[in-house]
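Notes follow once the structure below has been shown.
In this document, chain identifiers A, B, C and D correspond to the written order of the chains, with residue numbering beginning at 1 in each.
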Amino acid sequence: MSERIRVAVLGAAGRMGSTVVQAVEAADDLELVASLDASDDLGAVTAAGAQVAVDFTVPSVTEANVHALVDAGVHVVVGTTGWDDAALGRVRDHLADRPGVGVLVAPNFALGAVLALAFARQAARWFESAEVVELHHPNKVDAPSGTAQHTARAIGAARAAAGLGASPDATSTGLDGARGSVVDGVHVHAVRLRGLVAHEEILFGNAGEQLTIRHDSFDRVSFMPGVLLGVRRVGALPGLTVGLEHVLDLG
Amino acid sequence: MSERIRVAVLGAAGRMGSTVVQAVEAADDLELVASLDASDDLGAVTAAGAQVAVDFTVPSVTEANVHALVDAGVHVVVGTTGWDDAALGRVRDHLADRPGVGVLVAPNFALGAVLALAFARQAARWFESAEVVELHHPNKVDAPSGTAQHTARAIGAARAAAGLGASPDATSTGLDGARGSVVDGVHVHAVRLRGLVAHEEILFGNAGEQLTIRHDSFDRVSFMPGVLLGVRRVGALPGLTVGLEHVLDLG
Amino acid sequence: MSERIRVAVLGAAGRMGSTVVQAVEAADDLELVASLDASDDLGAVTAAGAQVAVDFTVPSVTEANVHALVDAGVHVVVGTTGWDDAALGRVRDHLADRPGVGVLVAPNFALGAVLALAFARQAARWFESAEVVELHHPNKVDAPSGTAQHTARAIGAARAAAGLGASPDATSTGLDGARGSVVDGVHVHAVRLRGLVAHEEILFGNAGEQLTIRHDSFDRVSFMPGVLLGVRRVGALPGLTVGLEHVLDLG
Amino acid sequence: MSERIRVAVLGAAGRMGSTVVQAVEAADDLELVASLDASDDLGAVTAAGAQVAVDFTVPSVTEANVHALVDAGVHVVVGTTGWDDAALGRVRDHLADRPGVGVLVAPNFALGAVLALAFARQAARWFESAEVVELHHPNKVDAPSGTAQHTARAIGAARAAAGLGASPDATSTGLDGARGSVVDGVHVHAVRLRGLVAHEEILFGNAGEQLTIRHDSFDRVSFMPGVLLGVRRVGALPGLTVGLEHVLDLG
């Protein structure tokens, strides 16, 4: 029988962190060796002999956590938001000095969301028209969602690379806002509806046909297969990896 | 065997009119007795002994056609757009002097569209949230569609009558237009995609559940069952009837 | 200020019952006066002065509960499954002797599901084709769902009443089961997918158009608005009422 | 200015062939040099100096056409159905002796359909559950469609390669056919509805999330971008290529 991977969870008292704790405990090939809350000392991770740490803390501490863990030779899977290019660059530089250590930073661990984005990238150049509709619960404060904007930018980049111009649109009269917001040339619409969680529809059209990619996220447990996949593979991915799609071998 | 209804088609050279001509000819219980184009004299309708006339002409002539046909004692089914309350009022007054004659004016003859609107009216008071998404071909010049605006007004009116306020929406940051246009308090989004024809989704949400009503219109032949239903029943509906829903016994 | 309605909940320790307890406690116009579990004596309902009782117990005791409550002059809202025509008939007979008391038995309290069924009934006669697709979590033991079968029977009855035959279907070759099960002439398909809860799509088609009615049930809290509506209105509905649609004034 | 590619169309009087003729004539970089019907001699293709031939004929003649065209050094794009492994093998062998000639045989030229299949292959290993629903016009004689069966086999193969067993399904009671047909372990459902053309939904589910890929084919013009892409690229793809996905660089 193979050894189990020894895992620490940072931010273990949070909603995502506590779900990760349960998921690690339920996995036969993983062993939970440390659960840290905001007040706990990071030294507990190495003291417990953790090989991989999962960070679902808060934007203000996540970067410092990662650098400390890299120094300690612990691989890290990061789900905390708030990473920008500068912060990622500092981790990449740090890892250049620690060739055996891997860090995976992923803005989204839902496999379906990651696949939807990857498929949108692949499909974008083949269609005359593309639009994005996202639907969320009405307590969400931003519109459109970060995921939908990210999708639109990916579609816009793929269209530009293929030499496609804007999607055709003869609209010349109507009501303000009807055609949604525009992100890198792609129209993005945000629906808010009681009862929903987080949903995205990516629509592509050519003469005579439509291709739709839809992702429905009902519950944060949907992130767990992606988190556990990251835990299992980060040790074999030295350096910095940004985005779960690279772990899925989708380019 | 029952007598066939004698039917005249006005605007017979147009796209809708010519489709009506074919549909009437294909119906066992109807007899096409006159097909008039823009240059033809309206006298041909009575000369041919038509009992019912179908008007798919243009906004500039449709009202005059209807008054002349009412004078001649011919029932009329009107699919031409451009009717406002004043024009409808004039026909209603005229019909008060001609108690045996019926005129049906319908903005939409697609049974599915008429039912979708009727269902939206019935459902609106029972849900905390409601939004409308319409999707059309990219050559359409107005956004959102007249049908979607009509649906939103009907939902808004039903919500107001039930004492409901606005749908919940915590949006406080984001991009202009993301939340669509707002019609009588209902958010309406317009998608334009090559390959589509005319589609509408009406979304209702409560805690824990969603109800969606969707109508897809692929081809103008979808109007024919509604037009023929109007032709068959308008003779038994003296006075002015506005909207096919009243012919469907849906209130 | 108007008096609050005094409510007892039977089966209060169950999943549905405990959700009802919370919903009653959260409603300003209702007062929870008794919560009974399986071992509690029904006398507690009248002792607490309850005006309305909600029964989410088990099939083996629900009918006896209802008769005892009717004897005590308490209105009843019943969500427990297992009622057949004979049991309903016995309650109807009993209520004939208690003219002031109302009993509402509803197989489904989700407003969206009740409306979807009502709309399917109204739409059925106007379309050449109709099919039902239900989608559920993979732990469900029966296929298709009772709700989908009920919907198909309602569509079948409406089609028969309108003189419609079977939906057109030229299928002459293929694989067993591909065309689903057939309930009163309506094809019904059952999808089982991890991550789903309970969903139903009712599809209607005519030449050139499609009408789709979809209900998504994500959580049992979706039943609460319907249960509370029943609690508020059952006192004004003497006799037996079967189906929440009659409370919604949808016929 | 670059030279236009000289194109011949075989089966030019058929529905697909005549649409290809129009599409080639409308393309700036292609020149239609020959249009052959069933009675025309294949020699006209070389006489006209065609570089690429498009074959939308019938199963009984398409293989002979391809061998003759390969002998003449003309690249071929084949959309005719009826090709089996033996026939493909004979063309592959023949092409081994004609290293400069390319033949592309594609069962489906709709870009959306090809992409949907490619995405289903990529997604399949990452989800616990997978099912396919196809929807077509009611005049179709086979159920489920060949495309849906092909999709199911691709999903089944990807699941098997990843070591996944059957999708979870607790169904133990119900009606015959409710769970659809089963192709390589994947449940496939066929809906038949007046008004539809050809549609496919591929559903994937994990705990807490769903991924849906849907392709709608409304009109045979949707095949033209794929056919023209094949015409433009087949000359740079020596040997036999089966499936448009290889031309799209999707593996």
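Quick note on the criterion: a contact is a pair of C-beta atoms (placed from the backbone, for glycine too) under 8 Å apart; a residue touches a chain by one contact, two chains touch by 3 or more.
Quick caveat: nothing in here was measured; it's all calculated off a predicted structure.
K.L.:
Any chains in contact with both chain C and chain D?
P.N.:
Looking at chain D and chain C together, the chains touching each of them are A, B.
K.L.:
So which chain is farthest from chain A, going by the mean of the CA atoms in each chain?
P.N.:
Farthest by centroid: B.
K.L.:
From the mean C-alpha coordinate of chain A to that of chain D, what's the distance rounded to whole Å?
P.N.:
34
K.L.:
Quick one: report the Å distance separating chain A from chain C, using the average Cα coordinate of each chain.
P.N.:
Centres of chain A and chain C (C-alpha means) sit 40 Å apart.
K.L.:
Give, as an integer number of Å, the spacing between the C-alpha centres of chain B and chain A.
P.N.:
46
K.L.:
Pull out every residue in chain C that's touching 2 or more other chains.
P.N.:
Correct list: 127, 195, 204, 206-210, 216, 218, 222.
K.L.:
Using the touch definition up top, name the residues of chain C that touch chain B in the complex.
P.N.:
It is residues 110-113, 115-116, 118-119, 122-123, 126-127, 204, 206-225, 248, 250 of chain C that touch chain B.
K.L.:
Over in the complex, which chain A residues touch chain B? Could you list them?
P.N.:
Contacts found on chain A: 127-129, 131, 133, 135, 138-144, 149, 167-183, 187-196, 203-210.
K.L.:
Okay, in this complex, where on chain A does chain C touch?
P.N.:
195, 197, 216, 218, 222
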